[in-house]
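First chain A sits with chain B, and in the next complex the same chain sits with chain C.
Showing the complex of A and B:
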């Protein structure tokens, strides 16, 4: 039997985004993927820890495909991954997605209502679509999906 | 009272419910309790050496709120060139209020919400004290 050498996990790195509603959507979307949509295969990387120089987080990100989920065009999650661990496999810019979806409502960063949760769900499904593509393409071994 | 602003910067941890408590307490302080004097700042932006963010930290007061002992908020503020004026861990409040354990990251639950209230009230008091010292 051949030894499985492909990564077993997908790293999903959310921007911290405390200042912006899109940051809250990013964090909630990543948690939804981890808890509801693709538990077992998804590992979140803690951005501040990553930036604080945690070698475990940085090394992990070098070994698995990483999806950067950024709230805005400043792209802190993508840029930090590129700075410390190399290219990301995919990147999501939520502000750009909201424009694409025609969302013009004023959003809350602190008190997500039905709309913010719906948007977090939609972003989560975008992340899931990418993870499923990695599985289909054989980039990750889908042995951990529950 | 000083005209400086106070930037309350929580850690961005999305793996622990205590980080959610820290973030919720930050929002309560900057949006409800001291909206004219306090604001928050993206920690990641600060650490990626965004000049505007670093300037805010250099020229104003900073409060770091951490959700675990790794103290990422405090350390990232320090990496930007100064120690925070106030630094707390959510765990320190939890030790004093053991019955108010937050339940989950996405929803901290009733206990977590009560802890947010206690923490934010105490923080707001400390921040007012900090601003008054500068008079």
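Showing the complex of A and C:
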């Protein structure tokens, strides 16, 4: 039997989401993927810890495919990954997605309502689509999906 | 409750790993509703100047999620004075609560933490003073040329350029530094400007701050030597100014020059840069399109 050498996880690095409502959507979308849609295979990377120079987080990001989920075009998550661990496998810019979806409503940063959660769900499904593609392409070993 | 936390600046850990990190963020958001200013630890790490105004006027409360203390480390690394410090994991422990391993905030935990929240101390954060000179108000006339589908502007006089496409606008012993129209068009939308420290001594061709666009990251290579006496706060807040007005309002730093006559030997005046740029763009187009 061949030894499985492919990564078992997908790393998801969310923007910290302090400045803009899109950041809150990013955090909640990542939580939904971890808790609801693809638990087991999804591991969130802690961006402040990552930036504080934690070698564990940075090394982990080098060994697994990383999806950067950014709230806005500042792309803190993507640019940070690129700086410390190399290219991201995929990147999501929520503000760009909202534009694409025609969302023009004023969003709340601190009190997610039905709309913000609905948007987080939609973003989560985008992340799931990417994770499923990795599994399909054999980029990750899907031995720990639940 | 509005205004209760006015004058406070909150730097939370914002972790998305365990419950403690998400609680730190939730606490920070509550304090923001009461008037406190929030500092995003990630954005602050990447672009400290973004929060210079807030950190220069308010008392800083740091909220760490766990023992790693990322927010405290960040504050220390950046030389901030911490007026108060909280650690969510330790606070929960004192309450006999063990924080969750998942990044899901428990509302009961949050309300107990908020109830226990004490006021920070009295020390004030320090911020460097910006000293813009009041010079550089004269109208700037531009030369323009077109190459392929691109349209470039270069000032007619008063500016000196290096081959890195950075300029120095010189008046007396002062110079303002920035990047050319060519840079902004090549780099596309600017999203970050990180200035150097005020007081930094620059040699000619030293980095005088850094820029990030949606396409690339680059340093501003100083055409002149001297001491940084001011940075452009408007550019810190709105790096896109470079795309809108690269030669005038998008100056990056102001320098008290040390040896302009010496530095000038390695620089191009406006006319020379215009010729240099035309040739450079022509060659690039030739390589790209044949």
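Odds and ends about this structure:
The working rule: the second predicted complex is superposed on the first by the 146 of 146 C-alpha atoms of A that agree within 3 Å, B and C clash if a C-alpha of one lies under 4 Å from a C-alpha of the other, contacts with A are read in each partner's own complex, and residues count from 1 in each chain.
One rule holds in what follows: contacts are C-beta pairs under 8 Å (C-beta built on N, C-alpha and C of every residue); 3 or more make two chains touch, one makes a residue touch a chain.
Just so it is clear, the model here is predicted, and its values are computed rather than measured.
Once both complexes are superposed on chain A, the partners chain B and chain C clash. Of the two partner chains, chain C is the only one that A:73 touches; chain B does not reach it.
In the superposition on chain A, contact is made by A:16 with both chain B and chain C. Of the two partner chains placed by the overlay, chain B and chain C both lie in contact with A:44. Of the two partner chains, chain B is the only one that A:28 touches; chain C does not reach it. Shared-chain residue A:58: touches no atom of chain B or chain C. Stretch 21-29 is the one among 21-29, 183-191 or 201-209 where chain C clashes with chain B after the superposition on chain A. Looking at chain A, you'll find residues 14-19, 23, 27, 30-31, 35, 44, 46-49, 51-52, 54, 74, 76-77, 79-80, 109-110 touch chain B in one structure and chain C in the other. Touching chain A in their complex are the following residues of chain C: 12-17, 21-22, 25, 28-30, 32-33, 38-43, 45-46, 68, 70-71, 73-74, 102-104, 189, 191-192, 212, 214, 217.
The residues of chain A lying in touch with chain B in their complex are 14-20, 23, 27-28, 30-32, 35, 44, 46-49, 51-52, 54, 74, 76-77, 79-80, 83, 109-111.
Residues 14-19, 23, 27, 30-31, 34-35, 44, 46-49, 51-52, 54, 73-77, 79-80, 109-110 of chain A are the ones touching chain C in the complex. Put simply, chain B touches chain A in their complex at residues 9-15, 23-24, 26-28, 31, 40-45, 47-48, 50, 70, 72-73, 75-76, 79, 105-106.
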